[in-house]
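Going in written order, the chains are labelled A, B, C and D, and every chain counts its residues from 1.
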Amino acid sequence: MARTVEFTDTEFMIAQGARLLEDGKTFFVGWGIPQVVAILAQKLYVPDVVQLFEFGAIGPQSILPFVRGTMGGPQNTYRSLQWLNMNWAFSYSAAGYMDYGMLGALQVDPYGNINSTFLGGTFEKPGRRFAGSGGGNQVASHCWRTIIIIKHEGRRFVPKLDFVTSPGYLSGPGARERAGLPKDTGPYRVVTSKALFGFDERTKEMTLLSVLRGASPDDVIREMAFRPRIAKEISEIAPPTEDELRLLREEIDPSRIIIRGERMTAPA
Amino acid sequence: MARTVEFTDTEFMIAQGARLLEDGKTFFVGWGIPQVVAILAQKLYVPDVVQLFEFGAIGPQSILPFVRGTMGGPQNTYRSLQWLNMNWAFSYSAAGYMDYGMLGALQVDPYGNINSTFLGGTFEKPGRRFAGSGGGNQVASHCWRTIIIIKHEGRRFVPKLDFVTSPGYLSGPGARERAGLPKDTGPYRVVTSKALFGFDERTKEMTLLSVLRGASPDDVIREMAFRPRIAKEISEIAPPTEDELRLLREEIDPSRIIIRGERMTAPA
Amino acid sequence: MSRIRREGKVEYRFDHPDAFRAHVRDKKSRKPVDKLVDAKEAVSRFVNDGDYIVYDFSSLTRGPQALIREVIRQKKKELWIGAEFTLHESALLVGAGCASRIDVGFLGYGNYIGQAVCDGRVQVYEWTNGGLALRILAGARGVPFLPTRDLLGTDNLDVSAARVIQDPYTGMPVCLVPALNPDVAFLHVHQADVSGDARIFGTNLFALEAALASRRVIVSAEEIVEADEFRKDPMRTTIPYFLVDAVVHAPFGAYPGSMPARYEIDLEHVDRLNAIRNDEQMQRYLDENIYSVSGHEEFLDKRVGAARMKELRRRATIIEGYR
Amino acid sequence: MSRIRREGKVEYRFDHPDAFRAHVRDKKSRKPVDKLVDAKEAVSRFVNDGDYIVYDFSSLTRGPQALIREVIRQKKKELWIGAEFTLHESALLVGAGCASRIDVGFLGYGNYIGQAVCDGRVQVYEWTNGGLALRILAGARGVPFLPTRDLLGTDNLDVSAARVIQDPYTGMPVCLVPALNPDVAFLHVHQADVSGDARIFGTNLFALEAALASRRVIVSAEEIVEADEFRKDPMRTTIPYFLVDAVVHAPFGAYPGSMPARYEIDLEHVDRLNAIRNDEQMQRYLDENIYSVSGHEEFLDKRVGAARMKELRRRATIIEGYR
């Protein structure tokens, strides 16, 4: 019998995210999981990635282990190139210097629009209220390529969001430009705990690109409230590697605060 | 026979300017003569004045002697409270933190509008071209009280400027507000080499307030190309004091670069 | 001009720039006088019921937690909070009945505040972090608005007072956000002198913007230093004294959050905050940590303790760049 | 969208923010590679005829004088200069036939440049210092304009492309200035590393704004230091490397102006510049100081000399705050 790897859904998303980044590019890092993605990626794959945080840290090289509850403190502003403030941080992104941005989401729709504000009810009287945009709206508006990282659950992939917090392709091709958003920007990938999506160049609709080794496209699509487009060839995503898991579990998050989650297995 | 004092027209303007400032207030300092006014005032009269320069020096205490050709260097940014840049410097003035501003001028009109750009011809093809606004437009727009410092010559006091570089009361009462300039701002005093002017509260017209000891209002008005209003009581301005002259000549400008000018006398 | 506006369903704070300027002219002293007071006096003199308050950073990092606890202790009412990151602060301020409106930013942590929003006990307005930072910059620059190329195309536009105009230079739609001039800014800093010159080491969210844009500024500082320190190193000055109304000496003033290069976050205490889920738990926390002590020093002595503070200081080993 | 616009009689440089963003995406490397070149190579590779050039500070203080002399030596043509303070630089650039348009700011010194304007040999556009600083900030923030409450009511409005709109929040008139995204920024700094991280000590006019807003950035530095220096003290970084295209090691690069805390202004040389009144004198100055030497180092050796440099260094005794 083939050997299998055990990991959490979060570990898988983090590892996938880390593999997507390009070296020598800039990366606007959202809070939480994207922070861990950035650390893992910089240690393993992209040593010269330039991280940027909205609280004004330009080019930090976070210290290990990841400290829960730090935001703008010495750990995740460590060895920055420059310390500024929020208005300057968003100047870097608005002027076009940020290649990648990464954001979590409550809900995502077929055009990659993001809800991170509330579920159910109305804005004034929500069913459940969450943290909201933070700087997510700016990241999704300004960065050249936005990567969304989201747990793969049917209620999160919906045809229509309860609230559009941060822009994807809005209502489809050309809609971002018509709204006044910077040209040629928009969601680039959606990393989930089962699969990886891109966006169709012509229609701007979410498109299944790859699935976790051992899973099928049907497994993935079954747990979505809309039917995504499917790429002609669906590739396979390797489960977290030994290096990725060791670094995550031993060096980055030894207290397992971030990487905990639902247990998964896949063929090694 | 009464003792007389000898001094230059520039020394007299500087001394007058220095006497106008209030202690514990902020002072946006234009380049050149206003710098020397600020130094003299801070040494003799207003130790707690907060100087501000457009190149980002907040609260400097200039070193002596005054060094010609320094602008933003260690001498006139010495012992600042804060070093910033130009956009921040103009935030201080735009948000209302600057009580006084002081500017030189080529020409001034009855409403205290300032020309510092050109004389004769057109903007595109001027008769004589000068330095232009620098930050003068911002100083005259934002500061609560702008003090103009200008040599007393007929060709400088004109009914209509060749070019309005920096705003006085524009066309009269209410015109600044109608143009969108901050409320309750505008020219406060005009310091010349013979006299001191204010502005009529109702009509906003330049009004003779005081003349150098020994001179008459007629001496002053004769050398103006428009007839100013005259205050009910014209007071006398003392010539530069011994302290003022000693400080200017021995400590501030021993090489007499700034304080040189036309020789004048007045009863001591 | 009214300082609270309602258009459609959106309420927002707005001062005409001229009204704010007049306040700066008439009420802000430029004299370098001694403004050192204790937190009690600073809050009672400079914070009124109904005030709009902003603060820099959060309950996790360099937040003005001692000042916020004092606001709660003095039972201020109907406050409107504006914060990019408002974490446990907003839960405590709402739980204590002090705050009724919040402009965010990022609204966390824990379930208490989320439930309070759903129950309609507090009204939240969504401006996004970038939008709020820009609103405060507009207030600091004395202009009624600033333009930005975000918020566009999203529902945030409909639940804020941001407006879209056609840019006269390109013809494209551009978003404007209105200036924000708060009543009070709370800034917790590493060092201050008695007249208010202040230094923050590390990044900040909008410290200088908030100090310029706010009608009243309360600085709380880990250390009080000689005024001369600032003139010796003007590049390190975050805020000059004449923007500041009160200086509070508050060592451990960011507790339970961290103060970069001074002390680390107290995660145990933070977990107690995270665990608050209902009013009974909230009331118990407030009683124990705020109402039952006379002020910040008694809180430190009786609820934190020297041993804990020593340990948190020990953990703050990264000092590179913070000096 | 065209990068030079003419409306009525006013020409102005304007890039659509999307065009500038595309340049930043495609042409600006984020890799920390060695960008150290000499002034000759920097200017020949990164400055083209017809370019719009900005620089920080002036011929008196921390101006990029070595780079400007190199531009003149290479006889660049039809340059458009944008500067808050443009003093002897503009006279030399016009006198040498390099610059045909200048956006100011403050236009000095001496009679040569004034006469050149009157003769129509150079077109000057008047934006004021505040207006130019704001235009560059708009370029750095990726927005097509920024609003301001000055320029209003004056003739500057008619001779610039500033526009007045009705503020949607107050109804009052507000002035807008269009973004400026120059082709090239010259920044002379105290310290840089080979990939372009740079530090200026003291105040600056718009160094970070210009670095963010410009298509190409040339940093000239008094000292080249280890890259690690910047990561040890991130509050001191003026510009991070990924905004920079070329680094030139140029000790005495601000000569004859001063470099704060490094060397003082050479007033004798400045007086020679001030004395230039006609083309013959201009040509003599250019021949002697620029055309007849191969570059900055030969200029320092043969036209300035070690004794003079030592004396200017000796005079720079104020170092407090500059470190």
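Following the convention adopted for this analysis, a contact is a pair of C-beta atoms (placed from the backbone, for glycine too) under 8 Å apart; a residue touches a chain by one contact, two chains touch by 3 or more.
Everything quoted here is computed from the prediction, not taken from an experiment.
For this pair, chain B with chain D, the centres built from the Cα atoms lie 29 Å apart. Our note on geometry: chain A versus chain B, Cα centroid distance of 58 Å, whole angstroms. Chain centres here are Cα means. That of chain A falls 40 Å from that of chain D.
For chain A, residues that reach two or more other chains under the stated contact definition are 57, 77, 79-80, 83, 90, 94, 142, 182.
Residues of chain C in contact with two or more other chains: 17, 142-143, 148-149, 172, 174, 202, 208, 232, 234-235, 320-321.
Chain-to-chain contact here is organised irregularly, matching neither a line nor a ring nor a star, and falling short of all pairs touching.
Screening every pair of chains for touch gives A-C, A-D, B-C, B-D, C-D. Residues of chain B touching chain D in their complex: 31, 53-57, 63, 67-75, 77-80, 83-87, 90, 94, 113, 117, 121, 123-138, 141-142, 163-167, 170, 175-176, 178-182. Contact residues on chain A toward chain D in their complex (touch as defined above): 24-26, 48, 50, 57-59, 61, 77, 79-83, 88, 90-97, 99, 142, 144, 182-184. Here chain C touches chain D in the complex through residues 1, 14, 16-17, 142-149, 163, 165, 167-170, 172, 174, 176, 178-179, 201-202, 232-236, 320-321, going by the rule given at the top. Interface of chain C with chain B (complex): residues 17-18, 20-25, 28-32, 139-143, 197, 208, 212-213, 230-232, 234-235, 237, 239-243.
On the side of chain C, the complex with chain A involves touching residues 9, 57-58, 60-62, 84-85, 104-108, 113-115, 117-118, 120, 123-124, 126, 128-131, 133-134, 137, 148-156, 159, 164, 172-175, 202-209, 258, 260-261, 265, 267, 270, 316, 318-322.
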